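Following this line, the structures themselves.
In what follows, subunit A forms one complex with subunit B and a second complex with subunit C.
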Partner chain A sequence: MNNIFAVAGLVIKELYRRKDFYVLFVLTALITLLLGSVNFFNDDRIIRYLKDVCLLLIWISTLVIAVTTTARQIPAERESRTIFPLLAKPMGRGELIVGKFLGCWAACGTALIVFYFFFGIISASKEHTISFAPYIQAIWLHWMCLGIVIAMVLLGSIVFAAPSSNATICLIVIVGIMFAGGHLNGIATGMRGFGGGVVYALYYVIPHLEWYDVRDLVVHNWGSIDWLICGGATIYAVAYVGFLLGVTWAVFKRKPMAS
Partner chain B sequence: MGSVQAETYGVMIRLVILFFLVCCFTMATILDAQFSRLRAKTDTSEGMLTAIMGDSRRMFANHFFAEADAYFHSGFYPTIFDRQGNREGSHLTEEAHEHESGHDDHHEETFLGPPRDWIERFGRHFIPNVHTHLSNGNEGEILPWLRISAMLDPKRVDTYITASYWLRTSLQKPDEAEKFLREGLRANPDSYAILLELGRVYFYSKNDPRVARNIFALARDKWLKQEANGEKPEAADYEEILGELVRVDRQQGDLKAVLADLEQLVKVSHSPDTLQAEIREVQQKLAAPK
Partner chain C sequence: MRLVGKSLANIFPFRILTPLNAVVEIQNLRVEYPNRDLGRGKGAKLAVDGLNLRVNSGEVFGFLGPNGAGKTTTMNVLLGFVNATSGSASIFGVDVKRPIARARIGYLPELTYYYKFLNAEELLRFYARIFRVPRGEREKRINSVLKLVELEEARKRLIKSYSKGMQQRVGLAQALINDPDLLILDEPTSGLDPLGRMKVREIIQRLKEQGKTVFFSSHELGEVETVCDRVGILHQGKLRVEGSVATLVQQYQCDLEHVFLKIVGYQPQPRT
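Right, the complex of A and B next:
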């Protein structure tokens, strides 16, 4: 366990030493503040567009941070050959994977808290009120989603040759799932035949990341979701993370280190 | 010998520099006129957007109009996967037209059918799943998207009318509505629909029937001109313009004008019987001794 936390600690340190997070946070804040200063028809009660844009930027930024941070973890260790002393500690490959996962996940969680804190301030300053439950649920579900994303990218970093190709492929898959994942059943119904069956199978296999995107509920003040439903989504995320990390470990175990 | 060659090179370099200077001067006189013309074209935000985005800006304008509609429903809105033939028009525009023409037949069926499987059923907890409309002054939330839509496609008349409707009714901002409509009128000088809405701003919100009547009359003239040119303007709009003229004239107590408007209206109305009764009533009032 100590080994896992040591690796995770290193990843967290890496995130705050790198400039990615700071650049993305400043960009998000700058764009949001600029948009907030725009006057639409002299109505200062208009806020939802600002919340919408700010949340969209937060989602983009955190996905970019999660994917780019995770994609380079294992390839960078292999390239600089630091993976050998790491595995010689003695530390198992499974521990290394879990450590890397926990580090990336915790680093993204920290980034999320900073982003949502800014969002909360902007939102409360305009609406003059804040309901905590929907915000906490939004952060939690967002973090769960990032957990699946990180596990997916970690698997990609074992399978694909370069971090850049892994990051690109993973981003395309993630955006694709978030955009169309929930509608694959409808598409499959329209297709019929073997192709329809394949699409329907895909619908059940993919992790439904779109569940965790509750921006519309937060932007339009729909209130909080049932906590049991949130719990269900958490279990679903944990199951997927476990499965993806398991596959990553199985592939990594067979991978020769010298190449 | 060497020094003579060096001198010649020096002269040549000076000549080349002079030549380039002349070239630059000549090019400047030609290009300045070209750039001034281009600047005039791109000086307005519309010109700039056209130069950058071309015709694609219309597609984005439609998207942002749809976004306003989505906001009107607080996010309960079909995606491109749900939209297959279920929804034709925008509720936002329908709402504005229905209220003006008096019908309000809301159909409550939604684009979300029964869930097909447990994933869809579970997923519906994370999205807005109840059909609602913005109310209590929150309608202003749609305005940023309408403003952006108008910026991208100033020729889209519906954008101005819809924004003005909400500005003058729920938000009680007739001045803002007028300003926006006048912006629309500058981009669409022949639009009778914008004039109709502008007349409504003056009649219903600013309580100025005299100006409103002039605007409605101008809208009617524009409609008739377009029809004469064979442009096939909306017949329903003509009915609405005449209806507003009747209302203004009635409020002003000008029975002769009311009669003239009603006689025009009865030719295009869907309910001519009611109007015939009204015409007879006005005729009787006019014939009655004073």
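Right, the complex of A and C next:
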């Protein structure tokens, strides 16, 4: 665990010394504050739109941070050749992968807390009340979703050589799953033969990231969901992360590192 | 004896050494890279061919050869970056495939650009943590290696602001942070100015005096002649010659540079 935490610490240090997070946070804060300062049609329910926009920006920002931070981890180590002195130490490739994952996940978790804290202040200042349970669930499920995303991108960073192509492909896949993942079974029932089977199989194989998007609970103050469902979603995320990291390790282990 | 030594070495990697205190032992090493240009299964590039090598405790061993001879591939096998096609390699009697084999080694790769967002002190603290250097000992080690490589003044500066020579020296510092018994240096003076080369050479000499084993590749034959106890010359993946510098010079009746040229089959073109 020592090596894993050392690598994770390095990733976190890298994130807070780079400007990506600060730029995205300032951008999200500015847009939200700007929208919050405008009173559209004297409508009291405008706060819901404000919350919706702010949460959407938080999702976009954290996805961008997670994907871009993770996508460059291993390729940057290879490009700058720091992977050689690192792996020449008593460190296994599996430890490096898990360390990178934990670092990115923890860094995104920290960013998430900052974003949601800001969102909480904006929301509470407008509504004069805040219900904590849906907030905690939204943050927790969002973080679990980012765990799957990070594991996916980490696998991509071993398979694809260029971080930019990996980031683009992963973002397309993630957005595709978020929008269409839940409808694939419906599409499959409308299809016949082999195509329908493939779409059905795809529905069961892909990680359902859309399950983790519970923004509506917070936006419309619908109250919290059953904690058992939350626990189930957590187990589902852990299983996917474990599987994806296992595949990443298996692929990485077979890759020769010619210095 | 070898079988007993090996099995015990697997159980007690830091206690048992192979006979005659061989720090590095390579037996019938063969490394083939798949040749992608020829297509899958249609050929392979033979990088190392039946290499047998032994580096004993406390010696400075120069690993020489022209570009593409297989020096770096051999080092990559020793460091676990590349798997051998056949044969075996061990460090301190432990199979190089096991990460623990690398616990007592320091490695300086050729031209590495260390983490730009860290300063020298943070970089060394990170590597010391991987080697599980106790917290109390860490700062002492960092101070001592930074002093050795003369980077004390720049210890708080971000590495991205370092010159090439300073980058190489911080690389040497990270290779020494665990107080290794074996140092593997891949062209340590590559790209350095004469002063930088001199400093690196002095450090190697000092490590030799401390009884460390140094295994290094270099194209600087003058430097090799100065610091090495023994050399091995590799050409087209095969070890062509191995022995002490003095023996080779006496045997071939010329300096090391000409020994090297003879071994690799260099024929000077007649002047027209």
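Following the convention adopted for this analysis, the second predicted complex is superposed on the first by the 255 of 259 C-alpha atoms of A that agree within 3 Å, B and C clash if a C-alpha of one lies under 4 Å from a C-alpha of the other, contacts with A are read in each partner's own complex, and residues count from 1 in each chain.
Keep this in mind: a contact is a pair of C-beta atoms (placed from the backbone, for glycine too) under 8 Å apart; a residue touches a chain by one contact, two chains touch by 3 or more.
Because the structure is predicted, anything quoted here is derived from the model rather than measured.
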Check: Clash or fit: subunit B and subunit C on subunit A?
Finding: fit
Next item on the list: Using the touch definition from the top, say if A:Ser80 reaches subunit B (first), subunit C (second), both or neither.
Entry: second
Note to self: Using the superposed model, give me the angle at subunit A's CA centre between the CA centres of subunit B and subunit C, as a multiple of 10 °.
What the structure shows: 150
Next item on the list: Would you sort A:His220 into first (subunit B), second (subunit C), both or neither based on which partner it touches?
Entry: first
Next item on the list: Tell me which partner A:Gly182 touches in the superposition: subunit B (first), subunit C (second), both or neither.
Entry: first
Check: Any idea whether subunit B or subunit C touches more of subunit A?
Finding: B
Notebook entry, point to check: Which value, in Å, gives the least CA distance between subunit B and subunit C in the superposed three-chain arrangement?
Noted result: 40
Next item on the list: Within their complex, state which residues of subunit C touch subunit A.
Entry: 33, 72-73, 75-76, 79-83, 99-100, 102-103, 105, 107-118, 122, 126-127, 129-132, 171, 174-175, 178, 184, 186
Checklist line | Partner subunit C, residues of subunit A touching it in the complex | finding: 2-3, 6, 9-10, 13-14, 17-18, 80-82, 84-92, 256-259
Note to self: Help me check something: in the complex, which residues belonging to subunit B touch subunit A?
What the structure shows: 71, 74-75, 79, 81-82, 116-117, 119-120, 122-123, 125-128, 137-138, 140-141, 143-145, 147, 163, 167, 171, 173, 176, 180
Check: Inside the complex, what are the residues of subunit A that reach subunit B?
Finding: 38, 40-43, 45-49, 141, 180, 182-183, 185-187, 189, 203-204, 208, 210-214, 216-217, 219-222, 225-226, 229, 232-233
